[in-house]
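Listed below are the structures to be examined.
The following pair of complexes shares a single chain, chain A, combined with chain B in the former and chain C in the latter.
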Partner chain A sequence: MEGNNKSGSEPQLDEHTKLQHQFKLFQESLPKVSIVAYQLLLNELVPLSVSIENNIQDMTSSIEVSDEDTSTETETETECELSEQLERMKIEEAALQPSHKLIQELYEANDSKRDHIYERLSQIGFQIGSKLTELLIYNNNPNLHFESMDLLAVMKFICRDVWKQLFGKQIDNLKTNHRGTFYLFDYDYQPIQDFSLDGEISEKELQMVEPYLEIPCGIIKGILASLGFKGDDQVDVTVSFVDIPKDRVVSPNQFSKGINFNVQVTRTE
Partner chain B sequence: MNTASTNPNTLQSGVLGGISSSKSLKAFGETIWKTKTAKVNAELFTLTYGSIVSQLCSDYQRDFNKVNNQLFAMGRSIGVRLIEDFIARSALPRCDNMVQTSEVISKVAFKVFLNITPHVTNWSSAKDAFSLILDENPLSDFVELPMDAMKELWYSNILCGVLKGALEMVQLDCQIWFVSDVLRGDAHTEMKVKLNRILKDEIPAGED
Partner chain C sequence: MAIYSFWIFDRHCNCIFDREWTLKADSSSGTTNSKQNEDTAKLIYGMIYSLQSISRRISSSTNSVKTISTGKYRIHLLPTTTGIWFVLFSDLKQQDLSQVLQYLYGEIYVRYVARNMLSPVDFAESTNETRGQGFRKINNRNFIRAVDRFLGPMVSQL
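Then we have the complex of A and B:
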């Protein structure tokens, strides 16, 4: 009887490991690009969003200005052309502002402008997240069964597969109250590791890193939405810095704070 | 193959000695790609870029010229920093002329970052302008442009910006733009690089 059982389960196990093996080979055979290129692209999103915001504001204000011009047209044509040219040069220069200046600008921006920029980052993240789900559904991972996933399984999927795909590592810790509140801890969130600053980081420095965390928030939202947690469900994702636990081995050049995503899914009925 | 992979030292000095031998450059690029590069799924890269472009299009209300400019500017600030990584990774010396530069761009730089090797063709008679033909482009895989975008949008314009920024950092003031793109229905994707001038090394003003 026992022997029978063994021989019955072994080929099944083999089947599963075979699928795993195939999946691994498949993953390795996929086209690749350098991680540096990807990381630079991802991090450039923050200055990009600031720059878009500036340009849009410039556009609306320049329209207002030109409206005034036409109503009180007393200037000579040459003067008009000159000012027009100057205006154009200003816009071109603004478009070519270096990234660090734009980040500084974001830090000094007022609340409404900052909200706009954060909103844009979150939207881009959302789009990445929703498309990423498709990518992960169609890659035939034998461990994933999307048809039978509850919220907890989806969160585990985010912690394991999504993070692995995006940042080459898993979320370090997942906590939940089993009533729709989840805490996801990442103690070395990859895209900000290059920002590691010496010694104790000040409040100001943390605030400048903050916008970079809007993107993963958007990604989490996007994935939840594409797996059906939208509409009836209120999904809220916030993020904060946490201290790295004492028992964790920290490499010397690491960013000295961990990240905590707080995901709240409430069903409104 | 053997000499390339087993003895990086001779390869390095070979590249340093005679950068002109394009075959060794190709092997050099491949070695860096295989041994010194952390990699990420290209589809992830494609979809991330797609999300950025679509967000830009909606922010600029489908004013594709503005989108082109913004992508260029974004690429430029990436290129300015990407060149550091490239030089650190490859340790290549300065190029003497644009022919060498083009070889390094196509066989090493594109290989190391995007794992593609564009062809270099269409040299101008003065050897200061050339074309890069991108047979494969990881940015635009699976991408199809809507009708209104096909005429004006240069989808991969970020690449022009990256090259512009990176070349500027090695004292080459260039003009870079797309001539054609398969996404627009052209036969191939062609990028034009034209040297404006070589920027001079600034010498600090004397103390007196």
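Then we have the complex of A and C:
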């Protein structure tokens, strides 16, 4: 009898809160990694892209030079040359550059090189984003109902779940005109919080931080693509610095600018 | 005046940060990364280095000096495994400031230097800047502010 009473009281629990509770238990059972290690790796993507770009440029220039040499020789000889070239193409143990030097280099780089590097960062973000969606859906979060997802719901998903998963917090503000334009404001974007250069805040510092914003841009694009907003739909994500609103409480040493992602989704019907 | 100055030395025997307070009443007084302190820094490094080596010789090799007291002041030391020395000068009333040094290392240095991608971690950029010949300092804004905010209240402490 007592057992019956107990089981009788249980259904009174809201179905939703029960799911939430289960989800919480599930999340607690998940393996954990250090947030610092993860963030350092994420931040290391920028110097990595710069050094890859440098390596590629070195390689192509050396191949071009040897191409000129071999142009007059016969075909059998060029075959040998090819294998030699492949030998040469092995990435040699180059002098290791510290990360801050590579970032400085990116700041001084010319436009085409910078575009290449930004493109690469955006690609990396895109790949992360398109895979992350699978992970978050697999996680079986009761807050998500993917069957009835329109564009606004997808953007909310990015603001809440994706940002929470990647940066441990949600987007601070989401604005939309309900016609495919969204503004996502993050006033303390986690990966860049501890960045600062010598002296007062300057244009240079903002420009050096800028590449770090390409990755989340790519992530947003990747998530939109994996949820069906690609192809005919034109997705455009741009990013800019904004001032932190005055009524917001800021911690003393945080990065002095907020981030604004401008997402444009235009449907060509 | 409870604390007088704060110094950081890296593993290349260079002084990479110094902060000296001159007025007890004003915690923002004094110098930061001053050129004039270069010679003082070398003397301090020499003293610590010698005492450290003495202590290692008369005991095990893992032994290290924690505080050095003279008739006028006391020096608190925190050596790290990566070869950085955090050095804090205080008056004789301060018995043990190791917690303070731990905080300066873990919460301020690690956060604003090691985790700051725009800042170097190794302050000697070429081999001729090692062996005490370096001149680079931690000049980054967040770090200096954080040090001042944390140590400032202790300057006028009784």
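A few comments on the model shown:
Everything below uses one rule, namely that the second predicted complex is superposed on the first by the 222 of 269 C-alpha atoms of A that agree within 3 Å, B and C clash if a C-alpha of one lies under 4 Å from a C-alpha of the other, contacts with A are read in each partner's own complex, and residues count from 1 in each chain.
Rule of thumb we're sticking to: contacts are C-beta pairs under 8 Å (C-beta built on N, C-alpha and C of every residue); 3 or more make two chains touch, one makes a residue touch a chain.
Quantities reported herein were computed from a predicted structural model and do not represent experimental measurements.
Of the two partner chains placed around the shared chain by superposition, chain B is the only one that A:I124 touches, whereas chain C remains out of contact. Of the two partner chains placed by the overlay, only chain B lies in contact with A:P31; chain C stays clear of it.
Judged by the number of chain A residues each one touches, B leads among chain B and chain C.
Look at A:L40: by the touch rule set out above, it reaches both chain B and chain C. In the overlay built on the shared chain, the residue A:I52 is in contact with chain B alone; chain C does not reach it.
Of the two partner chains, chain C is the only one touched by A:M208; chain B is not.
After overlaying the two complexes on the shared chain, residue contacts for A:I103 are found with chain C alone; chain B is out of touch. In the superposition on chain A, contact of A:P252 is made with chain C only, not with chain B. Contact with chain B, but none with chain C, is seen for A:G168 once the two complexes are overlaid on the shared chain. Chain A residues 36, 40, 44, 47, 98-99 lie at the interface with chain B in one structure and with chain C in the other. The touching residues of chain A, counted against chain C in their complex, run 36, 39-40, 43-44, 46-47, 98-101, 103, 194-201, 205, 208-209, 212, 252-253. Within the complex formed with chain B, the chain A residues making contact are 27, 30-38, 40-42, 44-45, 47-48, 51-52, 55-56, 95-96, 98-99, 120, 123-124, 127-128, 131-132, 135, 165-166, 168. By the touch criterion stated above, chain B contacts chain A in their complex at residues 33, 37-45, 47-52, 54-56, 59-60, 66, 69-70, 73-74, 76-78, 80-82, 85, 112-115, 138. Within the complex formed with chain A, the chain C residues making contact are 111-112, 115-122, 139-143, 145-146, 149.
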